[in-house]
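After this come two complexes, each holding chain A, first together with chain B and then together with chain C.
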Partner chain A sequence: MTTDEAVGEGSRARRLGGHLVLGVLSLLCAFPVYWLYATSLRAPEDVYSLSVLPWPLSTASYAEAFATSDVLGMLLNTGVVAVLSALGQLLIALLAAYAFAAWRFPFRRLLYLLFVGTWLVPFQATMLPNYVLLSRLGLLETLAGVIIPTLCSALGVLLLREHLNGFPKELLDAARMDGRSSWSTLWTVVVPALRPALAALGILLAITAWNEYFWPAMVLQRSNAVVQLGLRSFLGTEGNDWGPLMAMAGLACLPVFVLYLVLQRHIVNAFVRSGLK
Partner chain B sequence: MVSGTFVEAPPLALAGEAGVRPASRETGRSRARRLAPPYLYLLPAVVLLVVWTYQPLAQTFVLSLHSWNLVPSTPMEPVGLANYEQLLSTPELGRSVWRTVVVILGMLPFTVLIPVAVALLTRRVRGRAQGVYRALVFAPMLVAPVAGAAVWQWLLDPSAGAVNRILGTDVNWLNTTGTAQLAIIVITGWHVAGFAVLVVTAGLAGINPDYAAAAKVDGASRGQVTRWVTLPLLSPTLAFLVLMTVLLSAQWTFPLIDTLTQGGPVGSTTNLYYLLWEYGFRSHDAGLAAAAGVLFFAGFIVVAAVLTRLAERLSHHDD
Partner chain C sequence: MTLVSRIQLRGLTRRFGAVTAVDDVWLDIADGEFLVLLGPSGCGKSTLLRMIAGLLPPTEGTLHLGDTDITHQPPQRRDLAMVFQSYALYPHLSVARNIGFPLRARKLPRAQIRAKVAAVAETLDLTALLDRKPRELSGGQRQRVALGRALVRDPGAFLMDEPLSNLDAKLRAGTRAEIAELHRRLGATMVYVTHDQVEAMTMATRIALLDQGRLEQLGTPAEVYDRPASVFAATFLGSPAMNVLDATVLTVDGTLSARAEDIDLPLGIDATMPDRPVRLGVRPEHLTIAPPGEPGIRAVVTGVENLGSEEVAQCRSGTARVAVRGTRPLGVRTGEALTLTARPEHLHLFDVGSGRRLTWQPGAVPAAV
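Moving on, here comes the complex of A and B:
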């Protein structure tokens, strides 16, 4: 507060300068996103127009995208992957974080380091054996093959543990005095108190899974089961059909943007927290 | 009160039971039941971690000493360090490392310089406008990399793209050796800058305002406060951003390179990360790719160790 006051007492010119720089920068950042949707909403004959407003509006590009590929199926598949992956990671991370926060036990530090250590293992160093393992399990080209290897989120464990460390021990003790098992304490005491943190983390994990490209590209190879891969197959071919391509890209981003509009503050906080750990 | 023992050993579940029984007469079975719960809660996560991270890491080490073409029916042949020798002697490796360095250096303005400037500026602006700017700057972070690639390919299209038509140029940005790398850096920077802005903003919010106030009382100007008080206190955040940039830049560029340039033109966007991908999955030489993965892992550890040491040295400013 005090810095705000101290800085805020500056002249109008300073504040105006701030608005100017930030305004230009925000426009530069947002322009490609705007252009994507603007192009997708132009009539086919206007696709090359440089007018800022796409007028007259047309959904022809969307119709074309739907006609040429199974967009709904892809969106559905991607949704399934994102939701299952996020829920699975959330549950497994919650259990692990609970263990670290509520007990002291032999090898606790070592086990914790096992999670922290994953930060240092680049994807390249594990992808070949993982690919081979998936093919042995017969999970290549399946959505399960995309989901299962992502289910343990070290980030989730570390973040939830951080939250649980701030959790009043008295509540856990009180639950125990009531004769509750650790399992029922987890679900009746801990989870309700952690709900905001769990929601934020869940959204973060779902968005990440939705936008994931590298791993699905490996597992699903050249099939187009998820929307990121479907989009790729539209790209690169000579003479792009920009309208339908932008419609498809717009659809691929739409669920995330809708979430962002509704839950902006939570999403931003979740991303920042994840970065700071 | 029992609060002390709670974290020591007896788990929640059997506390009542175990409390009644003297420890000396505890049977092996009840002891197992008493000690088991934390391990049971950890089991799913640890099993996944071992199966999908650590065991494959070990396998990669083994694989890097063999020659294998990824086909299950063909046997792996031990070749000693030949893969490493071949890797370290490819002229392509040196070039790709250099390109990786270029990418990292090119990313620093987007992940450190611009975010710091923006975060310092947003402090001047308050209320609703601040939130709007932040929301707009952050939006690219949410765009899926492939969708980002699609829209940038459209913007940079040599004949009809908005960039050429606005600038009045006719550059084939993604297909010219000089500009392709630049385009990849700018697009990646566009993706992650908003995130970095938020990290710096959070870092600034965590700085005790008393320091700046004290410096002001001593007659420091605004510029001096920023230079000698705020930035040093922000150094742990900056160190984190540099670490993130160094470790992840090449990784961030991957989806863009794979969809926009495929490492070209004439290899000008093939960085270390993309080279690894090609070795493993284009040439089907698993041993070579594994050796490259091991080198990558070693590089990660060295860079992380150096930068964490650096961050630690810088971070006791705020004691």
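Moving on, here comes the complex of A and C:
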């Protein structure tokens, strides 16, 4: 009995310590986000106040943000960019990964390595050629110009192929015996079986595209069509307009939070299953 | 419906790099036949079946269904159904949709699909499980769903790759009988892969015995068991395996007999021939214990195994091991010295070099077949 208690006490203390550390860390992570929303809800004259609770509450900053810029239009544009970019990457990654995993063709390995190798090429190396190409195509300052160069992602191909490699080959053979072509096998057998992985990857890609700042800034130049660029309009040489800035940033974060809350299980699953953890 | 579902394999060969998995196999599978491809692990059974299915192109040779050359036709056009060793059920579909999958691929009207699925489920006793997902089924139930998915199509022939290997012994015996019964009722051609000799003996109308990619022997279960074409065939079928001993065929007083230091067995052939070394085969159940002094195989019992209704006595004769099988009790004890005899028609002779069966042809020396 006594020895049992000693063991129990020791491990309880360690558990308590562990929870304490985790608690402090999550507070550290959550605090800036809290401060963002707190600032956005202060009255304009309290914006520099350091009180932890924003009081009195005021929606003046939101009103100003909506009055000075087309917030809803920006959110909509950003949504379109995020969704199309994610869907495009998913579709291309799915087709490529399926070909690499299910077919035998000459130079398969080499092609795959090249494909994945593009992942290692830094963005800075491709941005100028991409920019020049877009300008020749007349796609600068358009949403299409933001979306098209992001459509193919080596990361998606890599992750989906790993999933497909674990996919039982006999199922593909069975579908062929049952009269499905390769194309219809993809849609009737592979996609339904990979749905959790596809959903998770899609969410990750969409969030990444939503948060992107630099590439849209290059393509869209002075126009503020997406919300991350809209934030610029509140930053000025003679000082920043903190209230509306925080209000808009808060709005920009909301869809990501909502997506995360609703699909949390899928996202965590995807990380675990793709071995990224 | 294909009426002519005779399948012909003409010199099928498949290589994987340096490995020859299937080596020049010729087979003529008649309409309505239950052909079992039998052989040890890695002998190329699955490879051969996958070539018939169209899932794997042959390196050489051609394949004919009825009168058409189907060597280059994709599986969808071959009208063959396959049952996989792992069952390969679609994990995201219910039992009903799994069974109906091949019909949906053929764009049959929905009402017709539903009716056919219901009929197949009825025959396989799956009606209560139609709404379940594969992961909610037991191994035996999954196996029946896999069978149902093949049955629902009315295919020209069924291909089965070790469909019972994941079942426990009792379920296996039951399912074996069900599949044999199904074959009788449908009269469909079946090509069935197994490494289990009991399945082969009980279900097959003919057995194709494979070894290292080559067709070793083709015949009815009785033919393959009673007249094995080689030492390999002789020792692969039967439990315990056939005893194979080194001996020499000698002419004694105008009749032939097999002799070695501890062996003296008359072959029952009145003839003369030059002495010839052979491998002498005799099945454990064909050996009987002779009174002392009789000619036969002299052996010492090293152990007795109880199989319930029968007993197997493991013996040693010189350096060779000999098993004797008979109704229990055999009445022998470990350490006892025995003389074992067998009737001449139960003795098999094989060539020492090639291992092929030797048959007596009057007027000639024994020739390899």
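Assume the second predicted complex is superposed on the first by the 251 of 277 C-alpha atoms of A that agree within 3 Å, B and C clash if a C-alpha of one lies under 4 Å from a C-alpha of the other, contacts with A are read in each partner's own complex, and residues count from 1 in each chain.
Simple rule for what comes next: a residue touches a chain if its C-beta (ideal position, glycine included) is under 8 Å from a C-beta of that chain, and two chains touch if they have at least 3 such contacts.
Please read these numbers as outputs of a predicted model, since none were measured by experiment.
Participant: Give one of first, second, both or neither to describe whether A:189 is in contact with chain B, with chain C, with both, or with none.
Facilitator: second
Participant: Output check: A:56 vs chain B and chain C. Expected answer is one of first, second, both, neither. What do you get?
Facilitator: neither
Participant: Give one of first, second, both or neither to describe whether A:132 is in contact with chain B, with chain C, with both, or with none.
Facilitator: The first partner, chain B, only.
Participant: Does chain A have more residues touched by chain B or by chain C?
Facilitator: In the superposed model, B touches more residues of chain A.
Participant: In the superposed arrangement, which partner chain does A:173 touch: chain B (first), chain C (second), both, or neither?
Facilitator: The answer is both, since A:173 touches chain B and chain C.
Participant: For chain A, what residues appear in both contact lists, the one with chain B and the one with chain C?
Facilitator: After superposing on chain A, chain A residues 170, 173, 175-176, 179-181 contact both chain B and chain C.
Participant: Applying the document's contact rule, which stretches of chain C touch chain A when the two form their complex?
Facilitator: Answer in residue numbers: 50, 53-55, 74-76, 80-82, 84-86, 88, 90-93, 101-102, 105-106, 149, 153.
Participant: What residues on chain A touch chain B, complex-wise?
Facilitator: 1-4, 6-8, 10, 14-15, 17-19, 21-23, 25-27, 29-30, 32-33, 35-36, 39, 48, 50, 92-93, 95-96, 98-100, 102-105, 108, 111, 114-115, 118-133, 135-136, 148-149, 151-152, 154, 157, 169-170, 172-173, 175-176, 179-183, 185, 207, 210-211, 213-214, 217-218, 227-229, 231-232, 234-236, 240, 242, 245-246, 248-250, 252-253, 256-257, 260, 264, 267-268, 271-272, 275-276
Participant: Across the complex, what residues on chain A touch chain C?
Facilitator: 168, 170-171, 173-181, 184, 188-189, 192-193, 195
Participant: Which of the residues in chain B end up touching chain A in this complex?
Facilitator: Listed in rising order, the residues of chain B that touch chain A are 1-3, 6-9, 11-13, 15-16, 35, 37-39, 41-42, 44-46, 48-49, 51-57, 59-60, 63, 70, 72, 114, 117-118, 121-126, 129, 132-155, 157, 160, 162, 165-166, 190, 193-195, 198-199, 201-202, 209-210, 212-213, 216, 222, 240, 244, 251, 254-255, 258-260, 273, 276-277, 280-281, 286, 289-290, 292-294, 296-297, 300-301, 304.
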